[in-house]
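Look for chain A in each of the two complexes below; its partner is chain B in the first and chain C in the second.
Moving on to the complex of A and B:
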């Protein structure tokens, strides 16, 4: 019953947001069970340096080529990649901060997250496996 | 002294006065205008300032949002210093929830920029620390007109992450206002100056100078000669020209008025001389008197006619016509009263007695010429009066004897009858005398002797009767005597006897001829009922006829009853 509900919800979402099936994942040992969009935004945009559990956060971005990066930022802060780049450029210019570390693809994200306790990244749902813990489903509203 | 002179100039000089008034008025207006404009300019500057600052803040808003989002003091400092590059900004405070990220003011930034680069570098590194230091209490209160913008998260518009406070640079506003105001003040001053200059030039060129010209010309003008003022050049059609035209018109009128008056005066002088000459030279006495007859003025003829020179010199100031006219005063007073009362011309004849006793006749005409004034003329008519009397006398006189003639007799008896008709008591007597034997004398000695006899008889008749009695020769040897107021038979009888006796006395001529005549007298006593001339003469004739028939040389009184006719003959 629950499954049917989820499927229908997914279908609805698919229709509404094209193909957003990204999930935010962390190392299962990070001590974090759930995070909301604001928390994720804070970590990825450099505002927060630690995970809610107190572990130093290591946000992992994806290369722009994957297309997942653009989807991710549109989803969490509703901004284009150019804007995000401009944001970081400003901070880099003033020497105040730096953008997250960048992985080449989802597999590399999975690799880094599974190996680092404070790592946090985003991958398509299909790419997420037992090595990581999904703390936020971006396809869900 | 000097201020008094200026004050006087202010009152006497249109130019100075208008310049001062214009200066004063435009000064006040300029001052008020300056106040209004300054207020307006200040508001405009404030508005411009505020909108400019708003725009300025807008340009850094995104960065400030990020700085607050990240509590990035370095970035906040960068933003605030950037803002302070504008002179409009006095102080910039950026605050996040964590506290103050940056608080810079103009002076500190200036100090910083003048200090060494190293310090600046250091500050930058310090600012680079991403953690917000605990908020240090900002020095100085935030003024109420500071711009305060809350900053939202760059990623979530509904989440506040801090605020930016921009304090305006009031000194700069003041400076801008001052600059603008100074410019306006300069403009107004220049304009006022220009207005004063123009007004002064206009006052001098268009008013003061022409007026001065006209005034100078007026002073030199000999208006009596009909000179005119020239209209100052270029003013022929304006008010100055109008004024000059008016003045010229006035001069024209004045001159013609003066000429007319002069002519009139000359004419009047001539007239006056003429009248004066008439007055002085007239044979007629001309005078003016008041109601009491007091002489106000008179001409030389009057002086001569009334012999004014005979009056004492000290009394000549107030001579009364009444006093110098003796017993005619009442008549003159009556004339005066009538003339004054009836307002008309009264004429009369008055008779004066000269100092030598001779009478003088004057005609006098009085004419009332005012409430209490009479103008009079008088002429001496004594000569004509005398001539008239003489002619009159001649007409009534018998040329030979000097007694009255028949005409004289008739006039006399008519007058007496008239008198008696008015008053029946006025009786009189008429005697008719006829000479006896006169024809013989005439025939014997000729007419010359006859004439002498008639003259002698006439003298004797005159001597025998009273002076008031009237004797006349009616013609030939016939005489008549009228005895007024006398009809007493006794007296008449005695008179008749005397007459007969005297006439009958011998008459001697120069040639020693002795001759004589007798007299027969018929008498009519005019008493009782009124009788006319014919009746009286007839009665006397009848009585005379009776005497002639009764033996002559005697008299008879006529009686009403025919029988007893007294025939009294002179027996001698």
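Moving on to the complex of A and C:
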């Protein structure tokens, strides 16, 4: 019980003081230079299956524990993770679809995006190196 | 035992949901595209108290007994479901789902709700073949997944009479990108396997009336056909749908009340041929075999960050007098503050009343209290719903996969009160309202429902 409380407290604190430093990244060979929030949302919510260049999209989420996932959805659609999970519950349990593949951390996101032409993910700006292309900066208003 | 054990099971699964959420520190429980097998599930542990004078409240017409003013009812909203997905290839997926919920036969016998193959040849088309959900309204095929919506349960005035959770058949969907969203056309057809308890199965009520209990309306074998067009983007969902159910079986008559038989006997006994033909027409208008029930519905939902709104309207028609034409609708809005989302819902259903009993009485030249007009009136009211509900509630997102909800519903029913039952009295007899398995013989039509549920996915 104490553990739950500590975890909740930590989560609350990280939420309260977090500033978004996330960027959305794609493979340099994807043919995509830029995307807006709406397009990125459509891909992560499973409504659009292709990148604007026509390549099949492979969205990559991060594990909830990294905190980046909650930040990403709050920033991009102003939804909490419970709401995003509710949305996916509707699709999973009616056999309509499944949520994006999930990486353990930003290093794994970088690894997948740099090796897959259609992959799209989000990482802290500091983690985004030359292997990927930044197509949307979520810290910019 | 049957009633206790599902609750114990649900408590266990609620604990499982909590622990899986804690485990999510190192990895999330959500299924990934890359795994061949995915096991997932959902559940609700819910308690309902009905502050009403002897009425019993149900969530939908498949439930045989409802929540009363005596303590808490755990069976109304509690349920648990398991799903397994097997991804055979990028194009082919197999899905099976089993749900245990309170059912027509008064137990929680698990039921196979989905068992289908999903084939997606390209991003424009997908098809499901096997046991598939009846996607009649927005959210109709995830009614059991409480975690997926804001409310304690889908509005009863709107969803309560939708008796078909699934069918054995196939569907096909075509997706077209339009602007920043996607339009979809979906067509489906299948055979229902559903049974529902009829009012004659309501023991409390039939004890009062002296009618025989234990009658189940068997909808299995009915053909469901329908389709819809919808549009979805990051904020809007709009849908226009139509569905037809072609009934394959007759309304079940209990051992000591054969309504159609009584009307036909009266027709045979009538000296006036006009009376005889009018009574034969009446019997055939009541019959169900080969008759269609149709739903035409529109649904609209808008979400923007913490705001969630939804509305829907349905027009229901049928070729049988037993299922009167009706209109239903609801409007719902909720706004999230941190982890709390308070919400409000207004819903209503209105059946069209028939004056056929008066016509029969006039044709026969007998008072309305005569057995035949009286029983006609009784049958005309069996499918009637005239009520509205105001609901207020709050959803608290306890964890990313666990939500706690409280809801209060103020229900006002204006069906004719079954003051005089056909075997008890003979004046303006009518049946208990369709959505109320038990009501006192002289009911004021008022009930306040208090509910608390814990919804989870795992």
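In this text, the second predicted complex is superposed on the first by the 123 of 141 C-alpha atoms of A that agree within 3 Å, B and C clash if a C-alpha of one lies under 4 Å from a C-alpha of the other, contacts with A are read in each partner's own complex, and residues count from 1 in each chain.
Quick note on the criterion: a residue touches a chain if its C-beta (ideal position, glycine included) is under 8 Å from a C-beta of that chain, and two chains touch if they have at least 3 such contacts.
Everything quoted here is computed from the prediction, not taken from an experiment.
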item: Side-by-side fit of chain B and chain C on chain A, or clash; value: clash
item: Touched chain A residues, chain B compared with chain C; value: C
item: Touching partner for A:99 - first (chain B), second (chain C), both, neither; value: second
item: Partner chain in contact with A:45 - chain B first, chain C second, else both or neither; value: both
item: Touched partner set for A:90, first chain B, second chain C, both or neither; value: both
item: First (chain B), second (chain C), both or neither touched by A:63; value: second
item: A:77 touches, of chain B and chain C: first, second, both or neither?; value: both
item: Candidates 171-179, 207-215 or 369-377 of chain C: the single one with C-alpha clashes against chain B; value: 171-179
item: Chain B/chain C common contact set on chain A; value: 38, 41, 45, 47, 77-79, 87, 90, 94-95
item: Residue numbers on chain C that touch chain A, as the complex places them; value: 22, 24-28, 30-34, 38, 40, 42, 81, 83, 85, 93, 95, 97, 114, 116, 118, 123, 128, 132-133, 135, 139, 141-142, 144-145, 147-149, 177, 180-182, 232-234, 304-306, 336, 339, 397, 399-401, 403, 457
item: Interfacial residue positions of chain A with respect to chain C in the complex; value: 3-4, 7, 38-39, 41-42, 45, 47-50, 56, 61, 63-65, 69, 77-83, 85-90, 92-95, 98-102, 104
item: Touching residues (chain side chain A, partner chain B) in the complex; value: 38, 41, 45-47, 76-79, 87, 90-91, 94-97
item: Contact set on chain B toward chain A in their complex; value: 63, 66, 69-72, 74-75, 78, 124, 128, 130, 154-156
